[in-house]
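Next, two complexes with chain A in common: one pairs it with chain B, the other with chain C.
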Partner chain A sequence: MSAAMLAQVTANGLSLAGLYALVAVGLTLVFGVMRILNFAHGEFVMIGAYLTYWLFALWGVDPLLSFALVLALMALLGALVQVTLVTRVLAAPHLNQILLTFGIAVTLQNLALLLWTGDLRAIKVWYASTALSVAGVSLSLGRTVGILIAATLTVGLYLLLFRTEYGRALRAVAQDPDAALVMGIPIQRVYVLAMAIGAAYAGAAGVVASVSMFTYPLLGFLFGLKAFCVVILGGLGSVFGAVLASLFLGLVESFVGTLIPQGGSWAEAISFIVLLLVLLVRPRGILGLE
Partner chain B sequence: MSAAAARAGWTLVALAALVAPVPLGNYGLHLLVLVCMYVALSSSWNILTLAGQLTLGHAGFFGVGAYTSALLALRLGVPFWAGMGAGAVAAAALAGVIGLVCLRLRGVYLAIATLSLVEALKIVVLNVPDVTEGSIGITLSPVFAGARRPAYYVMLAVAALPVLATVWIKRSKLHVILGAIREDEGAAQMAGINTTAYKVFAFALSAAFAGLAGGFYPHYITYIVPDTAFSIGLSIEAQIMPILGGLYTVAGPVVGAVVLTLAGEYLRTRFGAANLLVYGVVMVLAILCLPGGLVGLARRWRAPFRVRRAEQPQEGVADVR
Partner chain C sequence: MRELRAVMGAALLALAAMSWGAGPAVAAEDEIRIGAVWGLTGPTAGVSQEGRRGMEMAQELINRKGVLGKKIRVIFEDDKADPAVGVSATEKLITQDKVVAFVGGVGSTICNAMLGAFEKYNPRPIGVLTGCGATTIEQRFGKERGYFFVHPWEYYYQSTMRDFLLSLTPRPQTVFIAHEDRLYGTSHAKMADEYFKEAGFKVVAREGFKSGAPDLTPLLTRAKGMNPDVFYWIAYGADAILITKQGKELGFNPRLYASTVQLGTQEYRDAVGLDNAEAFVGITVWEPNADFAASREWPDLLPSTRDWVREYTARYKREPHYYSIMSYVALVAAAKGIEAAGSLDREKVVAAIEKINTMSPMGPLKFSPSKFAVNHAFKQMMIFQWQKGQKALLFPRDTATGAVRYPFPPWTPR
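For the complex of A and B:
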């Protein structure tokens, strides 16, 4: 493998990793704060992608412009799901929590299928097809912007968590909800905040995905599978771990896809094998707490 | 419900199941076979929940059974009943391996791993067409030369096994052990129970019955492709039926399977692909509003007023025997 090709494959992997990170940080944040794994998280990505697509297809709104609107709408949807549904199973057994969020996922997925059919939909904007070439490595401008967005939002989440009072509340509840309650933190509102942020980040991933690939009802399911693998590899509840794990999975998928004939079609199997290996060797992931 | 009434009820169900095919035509028989297949899937899925664990990819084990049996028949001419046995063993072995990895841990790991497993299995089958025929699928000659009545009795037996296994668990020491693991795994461990071993056992048993049903399916339908063997829809159906009928009970998965197979068939003919949407909504509503399922509802309704409060299951921890 030549140096140029190595750089190209790495760039492709980074573009995937950026998307995975956007999906995974929200999922792991919600788990860290609420100890509930949201199986409908991938469906939030899918809805974000469809929102972007329809804003573009119906009113010609450029995804870069609709970005903020989609994020706000998704945060609202996340808060709504939290207040109306998830909050009711906070004290219920694991089994019920899993089945409830999985039921939400099934509902959203099939609602999308019914409303918008299974067609693959693409947004044709000039920057999606314009290639950016630097030192022999070429990446579409859309994907480059995607990487930048992912990096910015990830840093933004870090700042939110570690530099604001909201972040302090989120981290406090994640560490010990009872102690946080005693300190006067309104736990239920912190849960809503976590879910809103998680959904907004999933929505951001949806915007990037709608520009750099196709939008279809199963998009979220496949992103969800990757995100579960990433958050376990990174350590459930660890935002920084999720970022590292996204880099790892994105690069591995990119290299396997190039080095092995028809390797691209093995992507879902790779994440499954990574998942099993992590659970076998180091179940708490890279940065997870015991 | 008193033991005598329960026994009378089950005897009636068994008799009805035995004589049901007599007056029916081909379509009716086909529906009955499907009902039995779903009873097998939903009852077997329910077995694992007795240990407080769940899979989101029950279709994976159904598919492994289907492909094991279909490939044995295609390559080696193995008869269907031997293929079914092999399918059950293969599914149980796969569950054993995954269980040993995931069930040492508490929490959501098995749910995630099984969701991902189905996609991984589908990809393996699609990507090694030299062995599995890939996306083209496998065509088999119809079992019993296409006669539906004997096929129904085979599927009925396949459906009866996980139901009987659940009864056996409920009557044996396992009922207490699995219940303890479900309620408080740490406490169960402190009491000297090897919780991992019991969880893996429940998982392998659950998978074996799904593999058995899968082993018969391609011989009956005469055709198997990765999308039908490893379908998300099948996994969802295997979960929603026990949830609607009543988790952790013997009758719940059977009731749920009968109701939803017939309702699903109606929805499919009437509204096309909307049945999964309905299942999703039913799943959410049942978890939130109907913790004991239809069976729990019937019990609460039948119970005299005085004991009604005491019998109400605590939210979600319904152990309605």
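For the complex of A and C:
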């Protein structure tokens, strides 16, 4: 394999990893803080993609400009879902929590179908599939922007978690909610904050997906399933584990898909085989909580 | 108790959401129920929505006079392009909705699963089916008189594509075949491989991939590394959009990009844009600029192509795809069969549909044997190319409305 080919395959893998990371960090943050597996997380990605699409289609708002607005709206949606629905099952058994978030997912999917039909919709902006050629490697400007967004938001999350009072509160609740409550941390507000951040990150993935791919009501299922794989591999609750697992899966899928005959069919299977092997050796994932 | 209530509440919420739009399950005597299973969401949504529109239009026009004094009611179900979901939808339509016949559908994978589900019932439902193209289906189910196949089989596709490639100057030498890795793509790709090799083309690879995957750059990077003259893929609408976008991103410039039917939707053109769709080649059964006369027997339901296209465009403010008209004609055939039979007796309805021989806006509507099936209509296929946002018909030559743009214009100046 030539150096240019190696670089191209790596670039493709990193691009995919960026998208996976954007979806997965929000999911794992919510689990880390609340111990809830949010099955509606993929649908937040889908709603974010539709918001971006409609802002563009109806008012011509470029996704780069609507990005902040979509994040804010998604954070609001996340907070709303938390306050009105999820809060009620926080103390309930996991089965109830799973059923609730699954119900939210199906409702959002069907609402999208009812409101916007099943048509595939894509945003046509000049940078969406504009190619940059660097030393024989073709990079999409749109996907490169996506990687930069993913990297920036991940660093932003790191700073939030480790450099702010809110972050300390989030980590404290993740470690021991009872102790955090005794220390005067308003844990219900922290839960709302976690869900808002999780939904905002899912919305960011939706923005990138709507530009680099398309959107449709089942988009969330596509990403939700992969996000669960990433989060379990990285370790439930670990943001940095999710980033590492995204990188790993993105690169594995890219290399397998490109270099192995019939790799397009095998890439996903190999990802899941790797997941199984990792779980056999290290059941809590790469950086999972004990 | 509180926990039980919560579990039941959540389960009910999920079930209610899943069955949204499913319609009542109680049989009504004043209507004739037709089942329609389409991939209304998922990777086949584009053509499925086109098919649904065609059936809705036919339903409304048929119901102006009714059939046997009753209204036709089409009950749509979404298979999400998933055969397991398709089978569940089929079972529900047979057992709960008590449909008289199935009409429409897209995708051989789903069609194969549906017809497999039909086998459990005696008598088997009647099907006027638009989504079956794989020869394995023709071989397995073609002898059943009650199945009317309204879509060319894959050998019509691949022989037409082969002949088109042979007509190009300079003649391409190498072909990379990519296909979605279920029945539809695999079966078509195998046949394309055989036909192309017989014609002297070198097939450099035949690669499967997951339809609906969020990233096809590995496949395209692999293909680019092999530098084929033709990149030919067999998959669904979502894949066509991604291949076009990511082919451009990677600067992949074969001498020809060619695919099958899902490339011809307005959804595809709108999603990738006119510039990016330019010079992509696809296969079609029918195009709106065809010119067929109205049926003598039923001109109100089967008008000339021009009148039908005008009516469709006025209703939906969009250009019809061939799945729109195919599903329309299929529903009219089923309704006219029931009407001619004078009852819902299965044998009488089957015999009546077999006797249909008329003109339609899609061309002559008559079921006749194909290689393995007893009842098959519409065998012709045409090659089109996107040119400035319109589909120019290129092949066969006698139906051509434009000249081929070949080789494929490079991405960089676009």
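Following the convention adopted for this analysis, the second predicted complex is superposed on the first by the 278 of 290 C-alpha atoms of A that agree within 3 Å, B and C clash if a C-alpha of one lies under 4 Å from a C-alpha of the other, contacts with A are read in each partner's own complex, and residues count from 1 in each chain.
Criterion: a contact is a pair of C-beta atoms (placed from the backbone, for glycine too) under 8 Å apart; a residue touches a chain by one contact, two chains touch by 3 or more.
Just so it is clear, the structure is predicted and the values come from calculations on it, not from any experiment.
Participant: Following superposition onto chain A, is the placement of chain B relative to chain C best described as a clash or a fit?
Facilitator: clash
Participant: Check whether A:Leu225 is in contact with chain B, with chain C, with both or with neither, and answer first, second, both or neither.
Facilitator: Only chain B is touched by A:Leu225; chain C is not.
Participant: Counting only touches as set out at the top, which of chain B and chain C does A:Leu193 meet: first, second, both, neither?
Facilitator: neither
Participant: For A:Leu276 in the superposed arrangement: first (chain B), second (chain C), both or neither?
Facilitator: After superposing on A, A:Leu276 lies in contact with chain B but is clear of chain C.
Participant: Which of the two partners, first being chain B and second being chain C, lies in contact with A:Asn96: first, second, both, or neither?
Facilitator: both
Participant: More chain A residues touched by chain B or by chain C?
Facilitator: After superposing on chain A, more of chain A is contacted by C.
Participant: Could you look at A:Phe39 and tell me whether it touches chain B, chain C, both or neither (first, second, both, neither)?
Facilitator: Touch status of A:Phe39: first partner only.
Participant: Identify the partner contact of A:Ser254: answer first if only chain B is touched, second if only chain C is, both if each is, neither if none is.
Facilitator: second
Participant: Which of the two partners, first being chain B and second being chain C, lies in contact with A:Ala172: first, second, both, or neither?
Facilitator: The answer is neither, since A:Ala172 touches no partner chain.
Participant: State whether A:Leu29 touches chain B only (first), chain C only (second), both chains, or neither.
Facilitator: A:Leu29 sits against neither chain B nor chain C.
Participant: Regarding the shared-chain residue A:Gln262, is it in contact with chain B (first), chain C (second), both, or neither?
Facilitator: Both partners, chain B and chain C.
Participant: Based on the A-chain superposition described above, do chain B and chain C contact any of the same residues on chain A, and if so which?
Facilitator: Of chain A, residues 88-89, 92-93, 95-96, 99-100, 102-103, 106-107, 109-110, 113-114, 222, 262, 265, 268 contact chain B in one complex and chain C in the other.
Participant: If we count contacts the way the header does, which residues on chain A are in touch with chain C in the complex?
Facilitator: 5, 8-9, 12, 15-16, 19, 88-89, 92-93, 95-96, 99-100, 102-103, 106-107, 109-110, 113-114, 117-122, 124, 128-131, 133, 138-140, 142-143, 209, 212-214, 216-218, 222-223, 226, 253-259, 261-265, 267-268
Participant: Okay, in this complex, where on chain B does chain A touch?
Facilitator: 49, 52-54, 56, 98, 101-102, 104-105, 107-109, 111-113, 115-117, 119-120, 122-124, 126-127, 182, 232, 236, 239, 243, 247, 273-274, 276-277, 279-281, 283-284, 287-288, 291, 315-317
Participant: Which of the residues in chain C end up touching chain A in this complex?
Facilitator: Contacts found on chain C: 3, 6-7, 10-11, 13-14, 17-18, 20-21, 39-42, 45-46, 48-49, 78, 80, 178, 181, 205, 207-210, 212-219, 221-222, 225, 237-238, 241-242, 245-246, 248-251, 267, 270-273, 276, 411-412.
Participant: Show which residues of chain A lie in contact with chain B when the two form their complex.
Facilitator: Within the complex, chain A contacts chain B at residues 37, 39, 85, 88-89, 91-96, 98-100, 102-111, 113-114, 221-222, 225, 228-229, 232, 262, 265-266, 268-269, 271-273, 275-276, 279-280, 283.
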